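The chains carry the letters A, B, C, D, E, F, G, H, I, J, K and L, assigned in the order they are written, with residues numbered from 1 in each.
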């Protein structure tokens, strides 16, 4: 079982700035946490980050071929990107939407997600743990007849 | 560590009707799944269900005294209840919002949650697994300094 | 054939106050009218009234087991209750929505019904006669292949 | 007692197309059903259909002179016609609004009726039976002091 | 002269939590303050609190029989309850709407009150003193020809 | 303790016209009532009225220097004036918003107040008594640590 | 100088019903008043009325050939007809919009006119006198270089 | 018969600038035109102009005592002033709303008038002639039983 | 293969007025162009124009019997007519929506089409060529399994 | 004559997935169809596809130099991209907007196009044929004086 | 070169209160800063402040005669004043809009400026420096052919 | 002191097209102007332009390390990009938002800026001079304690 973790714009700054909102862990820290937990479950994981909407579309298309499921933190593009939504809708592999912060407790424009309706489900607000829960959610989706 | 699982209106019908949306497991099935997994983690769990908004408010107030965290599936009241929101805001114990279905992929009036902004985080769309993820999320929130 | 008539908040005040809007008949008067007409059609009827949203949800769930159809005047909850809507959607028995006054001729917030989309149909504006028409509508729905 | 049944655009296609929404009965079938039931009640009925908004206005004005009440299925014009609304408001004869389908369960633009606020009441969603209920509602309105 | 003070959801937590918003006085403290001031004016007062919307409807209906006026802090239900609004509109006794906090200075959903249009008037933002002003307002309304 | 009562546009017509909405008392009548009650409490009061938005801004700025609190009936400017709002926000003296009529029961454009969010609190709907309650509210605000 | 007066739906009922809104004069009465005043000014006038939107479009197109100006009371079609708007925009003859009642003081849907932006100007609220003012306005528009 | 013509902000610039919108006549030119036509009808007229909203309120209050009717071009304040609206509503003398340009053909914020609902009627778009029509409309309103 | 071209209100004025928007070709010119191109493709074409919404409904119903496809320029009715939409939805023959001007580049009320969702597709903005493209589109739709 | 066909995000997946919406032809299939038809008309065509909004902007700027016209299927970026709109507005070469599916019959967010107002025209809903119609439309635009 | 600096309501309080938002400099301090910098550029400057909307209109009209350009901080009136907008539109002298605070980062009602569309440009958020930048912007506008 | 000037989509076309809106200066012209003025102030400047949203995010992140402040003209992305907003919010270096045209005087979708709330301030409408003012604003922000 192979799961791809895709990260959108500014997540390369995690752990460095705005720790009150996003926590103190860097993306590399989170990758390691996920890698360790996944390994224990016999799952292979891969992490990527980009600031380009188009590259996220590329990766979702590719991930549908190379991996069993995608855990996606599209960050800022979550709220406006129809291109990412269409990519998710076009593939068969399940996509799990995750967010580090509780987006519903922030500015109004972060309450709406263009991708939620085409994802399997959503996990938001648990800091780095959102990724670990995303990993387990992906496993549950893949294992279930759901 | 003691965690209270509160369930809102019509969740007593789970597994019986509308299985396409809500899955085939009854609330009792889910309770057992959660109980087993929680036991393995050394956590005590309790499940309650009610069709009354006021009773959910009562239970949240009480749960803040008797339990360490609450996992809440407020069902229909999620989208309109300021009373439940105020109860959550008034207590110190963390509340995790869970949903069986992906509410963001359904009717527009289910996209807005009155309680999300005052919960620690949200998990939606993973069927019965949403409760298991909610359990783990509660543990993560309690364990973290977050 | 058994039909359950459920009445929401403040309908216990019928005939007593605001007669210009709601007419001079009490709920007991209407119950008797319906009972007589139903008896003539060989139908058993039962009337209940509550001011609690949760109790309406309870009764709709129970009525789906004990009766063939429900005639529902959810009164104020008509316009906001997702819980009642979900209860109706969850059961197989047909539900007929009735209103004493012409809700579409009153304040804007009474123009929208949360339950209409999941009911068989709607009857509004005919005073006590709305209940008698609701009775006949229920019979028509049960008799038709519709 | 004489009652006029007015039918708006495309109702001449009833029973022919889109039976899933509108049922299998033609407008002539419905006319016969209503005629029979009305005859039993000693009521004279007349049916008309037109695709022209202006003709509906003409007929409502005329019907106010020639008949005791009007049962109106304005179809598509229901949702936009201020001209029909003004005609109804200008006459003294009661007008009963009926719809074959449950308009509140369809596209959003069908939820709003321009004529409901000036009609006696509304009946929607019971197929051909909506007309029979409309007949009885008209009788109730005429008989009551309402 | 007898005045009934009705309190809605979560007001049983007053003085305990969120003191920055609601102040340090418990509901019992406020009851005592009101009782003392009312006694000086020769007025009998009664305090009740509930988390159930339906129970507030019950109490408003009953209060209209047993008391001369009602001072109502409907809390969270203020902003959404048509049932409470209908109960107030249905009775003849005047109802005074009070709030501890200045609801107009808080979240947008607290700016709208469903009950204000059917109350005699509104008092908001003066902490426990809102109840004392509510008492005097009730007296003024009862004394005036207004 | 000195309290300034500021009155906005058209309040000089009080008692003369539209008595159904505003009552039969003139502004001078109200001033006298307030003066008498204030004197009994050892408080000095001053009344001013203007039809100019700019003059209200002037007076609020001046009042912050010369008085301990302001009771403000900004009348029509209540609903649109950011200038008055900014003046209130700029000063330290508490401002109590009062209205003779229940503005929330009138036209929609009177439901929104630009000044409520920066006032201590709001009193509306009690006729001339709104000013007396405003006086007491000002005393309460000044006396409390609130 | 020849001026065409076009009248939309239900204006044939003028003077007969709803006199509180539309006054006691019939359309024939108004036609005579206008005819007399126009004759005094050496102007030829013609009056037409229809309940059909399409016929108003026909007449506007024709009137642009046969008359110097059009005074239009499109009644209900005022608020929704793009077809009438397009006809006015397509012709060179000036069109004066008139209304018997003050449409801006009535229901919200009467506040918006689809035709005002392409008419020379608007006159509303003066009863039968609106037509006389419309006549003089047409003369002014034709006489001015405006 | 005495009629007061009140002019709002920037109308002192008429004839000087933006002639494409407002025409080439100065306010003094218009005053003279109106004066001449009024004299022929045996009517006394007075013209005033101010850039202050408050002064318009003052003048409307005073005009109600000194004149039989008011012709009001509130210019920019038309669209936002509740103070002017309240002044008009408070007086018994009829107020005729006039505009030089066709406000409905300009920016969206000029389509809404706060004063139209409390004026007798509206005349807009006829340049200087709007004032002459306003004069005649005032006479019609004063002469009619309307 | 027979294709019916239906034209809505004011299209009879094409080539005569507003050439900047609609071009210099008359409807007869366009008919001839289409006729010639269709003849080359072995297709029979028929052109009709009306200013009546009801007549367009009639013709769509009839065209479904007499022709293989309809090319529809509903002009002004495009944006508001539910009656035309319902007629299109009720028939099986494909309908191609065409517009001479680029409606999306004009006033906001022309951006929304009530008929687009039930047409096969839309072609707008190419002047007379829109009809030729509509012809070819109709052929494509008829030829494809689509 | 040289025409550039630009394709936006996810169009590289055409023919592979979601065939119910987008048909069974791949983008290469469409390119070949267009190439063949264009060759017959003596036109040179070029196809490009990208998932990057920025690259579409680059290509539109370049295409304005290298080609006579652009046929653009901006896919998801159609609905939100001001950058693409600005690029089109900045160049002189005509741009034809095409869509495979009938976007107006899908989700609401696909009804609005940011680019339509600056394109020559729009073609939507004819599957692969939309590109062929786009080719002919481009020729028509280039050939006409329009 | 002469430049007039106009300041709206509450700016006379600058430097005294709410320094977190508006900084510690008084309006006199800013005037001196601007005067010094202007003098160095050979420009004459004048500062005025008023709390009256009407006075700002007066001054803009006068400034158009006496000065070459206006730098305007309309403060609260920025967001609602059509009168000030009309004054700016009516004059030929350029007007530069300035704000001390970043209005776009504050309450929603401060995001909209009624005057921006008729000003040359906008400068906001740089504290006292906004005025110095406004001075230079005015010079740039006057010097450019723009 | 080093300041980075970042330019968004289509700004590479400056001076070439749409000179009425954007002026005749190329981006290179502006760069030279800024470079010269900055040199005079002892400031080092760097100019970059891209059509990619993601590249702007990259550059903002990098600029926060390499420069003291950023002057940003995000062009089309200004109005929709949450990614750019998040990048600005994440860094400590001040960002000055500039626009060549007065965006508030153009289409409605250009009135809203996603980045303004997280920038120090905004300068718009002064053509090439906006960049020079942006340079001075950056200096002011860096020099002040603001």
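We take it that a residue touches a chain if its C-beta (ideal position, glycine included) is under 8 Å from a C-beta of that chain, and two chains touch if they have at least 3 such contacts.
The shown structure was predicted, so the numbers you read here are calculated from the model rather than taken from an experiment.
Contact with both subunit K and subunit L is made by no chain of the assembly. The minimum number of touch steps linking subunit F to subunit G comes to 2. Of the pairs listed in G-H, F-H or C-E, the one whose interface repeats that of K-L, with over half of its contact pairs matching by residue number, is G-H.
One copy, subunit C, sits rotated relative to the other, subunit E; on C-alpha atoms the angle is 120 degrees to the nearest 5. Inter-chain spacing, taken between the CA centroids of subunit G and subunit L, is 54 Å. Rounded to whole angstrom, the centroid-to-centroid distance between subunit C and subunit L, based on C-alpha atoms, equals 62 Å. Work out the mean CA point of subunit A and of subunit B, and you get 23 Å between them. With centres taken as mean Cα positions, subunit K sits 32 Å from subunit H.
Counting partners per residue, subunit B has 52-55, 80 as the residues that reach two or more other chains. Under the contact rule defined at the top, the touching pairs of chains are A-B, A-J, A-L, B-C, B-E, C-D, C-E, D-G, D-I, E-F, F-H, F-K, G-H, G-I, H-K, I-J, J-L, K-L.
Interface of subunit E with subunit F (complex): residues 23, 102, 104-105, 111-113, 116-127, 129-130, 132-133, 136-137, 140-141, 144, 146. Considering their complex, residues 52-55, 57-58, 61, 80-83, 85-87, 89-92, 114 of subunit E touch subunit C. Across the interface of their complex, subunit K is touched by residues 8-10, 12-13, 17-18, 50-55, 75-77, 79-80, 109-110 of subunit H.
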